[in-house]
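This is the structure I want to talk about, given as structure tokens.
The letters A, B, C, D, E and F name the chains in turn, as written, and every chain counts its residues from 1.
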Amino acid sequence: MLLLFPLVVSALLFSIGVYGVLARRNAVLVLMGVELMLNAVNLNLVAFDTYLRDVVHSGQVLTLFVIAVAAAELGLGLAIVLMIFRSHQHIDIDRLRELSDSDAADEAIARDHQIWTGVAGGER
Amino acid sequence: MNPAWVIALPAVGALVVLGLGTRAATGWVGAAFGLVTWLAGLWVALPYVGSAESERHVLGEMATGVAPIEVALTVDGLAALLVLLATTVAFLVLLYSVSYLRDEPRRATYTALVLLFTTAMATVVLADDLFVLLVGWEVMGACSYFLIGHYWERPDARAGAVKAFLLTRLGDIGFLFGIFVLGTATGSWSIGAANESAASGAMSTSQATVAMLLVLCGVVGKSAQFPLHTWLPDAMPGPTPISALIHAATMVAAGVYLVARLDDVMAASPVARSVLAVIAAVTMLGAALFAVAQDDLKRVLAWSTVSQLAYMFAALAVGGYAAGVYHLLSHGAFKALLFLAAGSVAHAIGTTAMTEMGGLRRALPVTFWTMTVGFAALAGLPPVVGFFSKDAVLGVVSEEAFQHASWQGWLLLVSGLLTVVVTAAYSIRAWLLVFCGEARGARPQHEAPWSMRAPLVLLALASLAGGVLVLTPDLVDPLGRTEGELVHPVLAAVTTVVLLVTLLLTYAEWWRVDGLDPAERFGPTRRLLHRELGFDRAYDLGIALPTWALARTVVATDRDVVEPYVRGAGTGARWLGLGLRWLQRGNVQVYVTAVVAGGLLLGLGAGWLVP
Amino acid sequence: MDGYYASYAPVLAIVVAGVGLVASIFAANRLLAPRRQSPEKLLTYESGVDPIGEGWAQIHLRYYVFAYLYVIFAVDAVFLFPWATVFAGLGWTVVGEMAVFIGFIAVGLLYAWRKGVLTWT
Amino acid sequence: MSSWGSGLLDGLRVTWRNLTRRSVTAQYPDAMPVLPPRSRGVIALIEENCTVCMLCARECPAWCIYIDSHKEVVPPVEEGARERSRNVLDQFDIDFSLCMYCSICIEACPFDALHWSPEFEYAEYDIRDLTHDKDRLRDWMWTVPVPPALDPAAEEPKEVVAARKAADVKDTAPPGQEPKA
Amino acid sequence: MAEWVEVVLRVLVVIAAFLVLPLLVGQTEHKAMAHMQSRVGPMYAGGFHGWAQLVADGVKFAQKEDVVPAAADRTVFKLAPAVALLPYLVAFVAIPVGPGLVGQDLDLGLFFVLAVMSVGVLGSLMGGWASANKYSLLGGMRIAAQLMAYELPFVLAAVSPAMAAGTLSLTGIVEAWQWWWLLWQLPAMVVFFVAGLAELRRPPFDMPVADSEIVFGPYTEYTGLRFALFLLAEYAGIVLLSALTAVLFLGGWQGPFEGALGWLWTLVKTGVVAFVVIWARVAYPRLREDQLQSLAWKVLVPVALAQLALTTVVAVA
Amino acid sequence: MSAVEVLFALLGLVAVGSALLVVTTARLVHAALWLVVTLGALAGCYLLLAAEFVAWVQVLIYVGAVVVLLLFALMLTRAPTAAEAGTVTANRPLAAGLAVLVAAALVSSLVAGFRDVRIDLDDSVVGSAETTGEALFTSWVLPFEVLSVLLLAALVGAIVLSRSTRGGGR
């Protein structure tokens, strides 16, 4: 079989995953995009393992590790998403902007600055 | 039997105990595991006590970049003795703890940690490979951290735990590099290989020196020798049985054990031996002097441990392998006894401050008699075991001084004899303050229950009978590493006379002004000693304060010099930032898009540029 | 009937056959069954009471926690299978490796137990 | 703990014992069931006894009795007396798809117009057919069994006691005086 | 060419077994359960003791109207029964009945069966969600939670005989089986069986479909043939569980006259286990959801882990 | 093309097609179900690449567990049966462009690099449980043990996250 078969499938899956991560609004769907990308990597690993006839089976073993790590990672990610849902009642990524550069954020930074350096009063 | 059982059993016990939680049986289950471990220890160790044979069990092998790490255990004469010591003391401590911590809410973790501690010590003792030893060594450090901080509600316990952890860790860095040096020098991580290559001369003197100096860093930290000695007394807020465990058989003994284990490498490096001799000389006298001035019974004992460990190092520094090991064993017995007895006192009156004690002889007869034996051993009174072992140490030191006329020998001999005096003084002082005279503070409620008394009696018997070992030097030195006898009659007579004079003088002093603390005789020096010559303060002044000062300078420089520029840059940046601000919208996906696009550009660029 | 691919031929065949079977059952049903639909009949069934709101109800988070517990342990259990086939040949070292592995996870289980997560309240 | 395990075994034992015994199921359509006395199969109506007092319909918890009537004027019994009006039953339906066989209507009837019949085989294909009109209810009356005999030790029925008292009074009282029942 | 014929034949036999054996179990359940409750069960269909009752049921189901609620997600709703059923069919391929009498003897047959069975949970979850019904959704979630909770002891217990035999091939496990394994692997067998019961949502583990609480869980909205497929899946599951228990723990075709009657032994053992499944349904009351979860996590998982340790020690020593 | 190649091409097509649906469908649960199809097809691919064990692990873990987790999360965060409006952000055209670019870059470089390279599939199992197990427990012990620590950490993390909700917000 042409090595290109799995490689191209993997590349396409990866790009689709990229699209999913970038364009999806629902946080759970974004995580699905991540899963697609991870699976693309796994396919690559397995394909090269078979192609190279690796004695220590790096590809397959790493795939197992990736699957395990991905399961743990996804679980924690989803737990965080669920927490966000509890506090915000939605999980739209583009509406979660606590970390944006806003005036409120500026003030918080100034406050922290004061605490750390002991300088009374910011420049504002 | 595979020696791995001695390591595995307490580990399993720790898990079981942890699972039991705060049930009533927790302590007993722990003690049962202690007993089982002790039996396993007996089984494993007894055939090798006093035998020149050794047996190696390879459990597995791990490949590394250099030499493979062999997960291997070795039982030989030295290891067997220490296995016996460690498992016995651990069992007694566990038994003792059943009653001592009866009402303690955290006794599950406590018992589990004691068992884990035993596991770690057994690992250290049985390890054939330096890395395996290091694993035990570090687990022991972690356990001691937890146990010292057992009463973490108390600030002094927290501080003591952190201090112990940091200081021993400081030394362990050196130890780790020492292992690397040994490993690269011999091409193997095996302790036996290191000793062999040193003995055969394959290892150069400079390699041995570097390695041993680095290893000594770890040893000094673990065994609380100068200059890393300050953690041990501060570890006293931990539960008293733990002190017994740490001081007698495990943690601090590990340092001595390691030096004894690497005796051949040590012998290959005169420099390392000299360094060790200086450290031992300074530590033994200094620590003994500190012990004189303390008001807290456990602190007295702690300093005495430091001082006694220095004796062992003194012996090892002049090649007195047998004397060092003998003193290690003897000290293990009587120091465990002393601490457990101190615990019994504390259990009865609820404090360890000697200013609160006095006249406890009547109320606590068993504690009194056993602790008297302990103090006698500590002071080195014949015929208790301490007399013989100390005599053995002083014997090798004096041989070194007289026969080889080396400055190390003289230094150690003078320091050792002075320490004998001081040790006798603080022993009898503590004895007097605790048991004689008027009751000063709390009245004892009760003598300890049998599970606490039994270990005391057993250890006291061991201390009394331990002198017999002198008759069979092969037991402690089966390979005949040290020439010469363990008994030195002349020296023994001299020290005994000195000792008795000191005891009488101190007693007379106490008798003269009834019940006065003999330490008051030191006058203002006492306060200095009480503050332990201000080592802590010195460390603060010498290390912490400069660091703080540097930090403050940096802050000031930053604020007054750098800040205006920064502010100027900041103003400029703010204008820039206002322009860029719209990018910073908190939308993660926009950021990720940028990252992916950037990565893609880089990749494409690399593809283009690199043919 | 040997060789790797041949050994999976029946599996493939049964998947295809199964899909065909289910499809044909559904097709038969389509032909045989009557179709008389009314809005009443298509109403969501809530024990005879008219349904209120949509078919979604707030569901407790513990479902998720239990599922996650399983995922962790399933990942764990998966490694047991290759281990089961090789451990007898490779000896105690491999047993020790797996003991450490399981030990860690068991500590997790113990932690969950002690924290009361395993209690469905 | 031991009780927990033994409970498990008990469950298995009991079911196994039942499995090995003969089943007690009545093979109904093949063998008719033996009904106990006073079985509540269906409600029968004696139209003649009904005075359209509506007590039954009002007491019915399931609202399954439908009664309709009209008034008729009855000529005076004797000369000079007032005319009387009386209710005539037009419709008496019981909807057995609603009825819950509680027997309240039968207890409530002051004139013994309603009775239990043990007949139960009146299933229908159409639910509407389960509403029985007064003729059908009347027909059920023929299946109403004779009340079972009283226990030997039972109290005498009130009616009998009253009747006997009346008879005694009649026997002993001087003629011309009607006894009050 | 002959190979293809053989493949087709094997597949046909597997499908036939898949369709017939669950009916047998179902009929046995009808009758045994009735008698355990002092009833006689179905008596008419087919004449002799109602033997054709389930066939009649099937015909009835096929004629019933297929109702999809207006609020439901039609596609998912319709696909769910198939997703619930097919994994069991596929898993049947790897179950050996006798030496060589197997759909396909896979090298990692045990793992294959477990992996395929774990897909079935999706069917219930899909059905529960797609019905757009609160009871269904809750039931679906409960099923998924229950399946996941019990999958773990199930898998752990299944590893034990594989460890003992040193292979994952089901045929290999039967061949390595010795009679004393009955004792050695007893805890694993109990855990496996109990967890399997819970996986199938059989009473006493039928909380997620408890009719007195949440109607019929995820199957509430299902009618006709689709409902029947869910039922078929349940009974196929019983057969599969019983066969797996027989193969993993009871020694499959091992027994007297195993040369000629091996296949019969497997079937008999399977039948006995299936009967116990039915028996348990009659004998025990339903567990509450909290009891359900704590049984899995606090009893079965630790026991399974302990059994693993025991197996390891005995196998290596 | 051999049967294996045909099958692989088909499975690849299924995987890619359903993956596309995963990221485009407007119904949340459908996305998860399409993901099942993708993962299943990938498991088939692994089977064809003779990595037997990995394939069934993929089924057991991904299809049997991870997807259920995803479905749980979707159902806990309200997943209506009807199609939902606005499941994609305004970022979409940019994202699509980028994805296409990534695909083009990857595929073109892969084609350039491995144009005529063939995998030799000689009907032998590359990844049976035994071979994988041996590799895993002899050469990969350390990462394997580290993995257990990671799983423990993840477990504790999830428990902490789920418990902190009881105490009520910040």
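The working rule: a contact is a pair of C-beta atoms (placed from the backbone, for glycine too) under 8 Å apart; a residue touches a chain by one contact, two chains touch by 3 or more.
Bear in mind that the values here come from a model prediction, so they are computed numbers and not experimental data.
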{"item": "Chains contacting each of chain A and chain F, listed by label", "value": "B, C"}
{"item": "Set of chains adjacent to chain A and to chain C", "value": "B, F"}
{"item": "Required minimum of steps from chain D to chain E, each step between chains that touch", "value": "1"}
{"item": "Interface with more contacting C-beta pairs, comparing B-F to A-B", "value": "A-B"}
{"item": "Most distant chain from chain A by Cα centroid", "value": "D"}
{"item": "Most central chain, Cα average position", "value": "C"}
{"item": "Longest centre-to-centre distance from chain C, chain (CA-based)", "value": "D"}
{"item": "Chain centre separation in whole Å, for chain C relative to chain B (CA means)", "value": "53"}
{"item": "Chain B and chain E: spacing of chain centres that average the CA atoms, whole Å", "value": "60"}
{"item": "Chain centre separation in whole Å, for chain E relative to chain C (CA means)", "value": "13"}
{"item": "Chain E and chain F, separation of their C-alpha mean positions in angstrom", "value": "28"}
{"item": "Sites on chain C at which at least two other chains make contact", "value": "6, 8, 54-56, 59, 61, 63-64, 67-72, 74-75, 78-79, 81, 83-85, 87, 92, 98, 102, 112"}
{"item": "Per-residue overlap in chain D, given as positions that touch at least 2 other chains", "value": "none"}
{"item": "Set of chain A residues in contact with two or more other chains", "value": "18, 22-23, 64, 67-68, 71-72, 75, 78-79, 82, 86, 93-94"}
{"item": "Set of all touching chain pairs, with the criterion as stated earlier", "value": "A-B, A-C, A-F, B-C, B-F, C-E, C-F, D-E, E-F"}
{"item": "Interfacial residue positions of chain C with respect to chain E in the complex", "value": "1, 6-11, 13-15, 17-19, 21-22, 25-26, 28-30, 32-37, 39, 41-47, 51, 54-57, 59, 63, 66-67, 69-71, 73-74, 77, 80-81, 83-85, 87-89, 91-92, 95, 98, 102, 106, 109, 112-113, 118-121"}
{"item": "Residues on chain C engaged by chain B in the complex (per definition of touch)", "value": "92-93, 96, 110, 114"}
{"item": "Chain B-touching residues of chain F, taken from the complex the two chains share", "value": "89, 91, 94-95, 98, 101-102, 105, 109, 141-142"}
{"item": "Residue ranges of chain A touching chain B (in the complex, touch as defined)", "value": "18, 21-23, 30, 93-94, 96-102, 117, 119, 123"}
{"item": "Residues of chain E defined as touching chain D within the complex", "value": "32, 34-40, 43, 279-280, 282-284"}
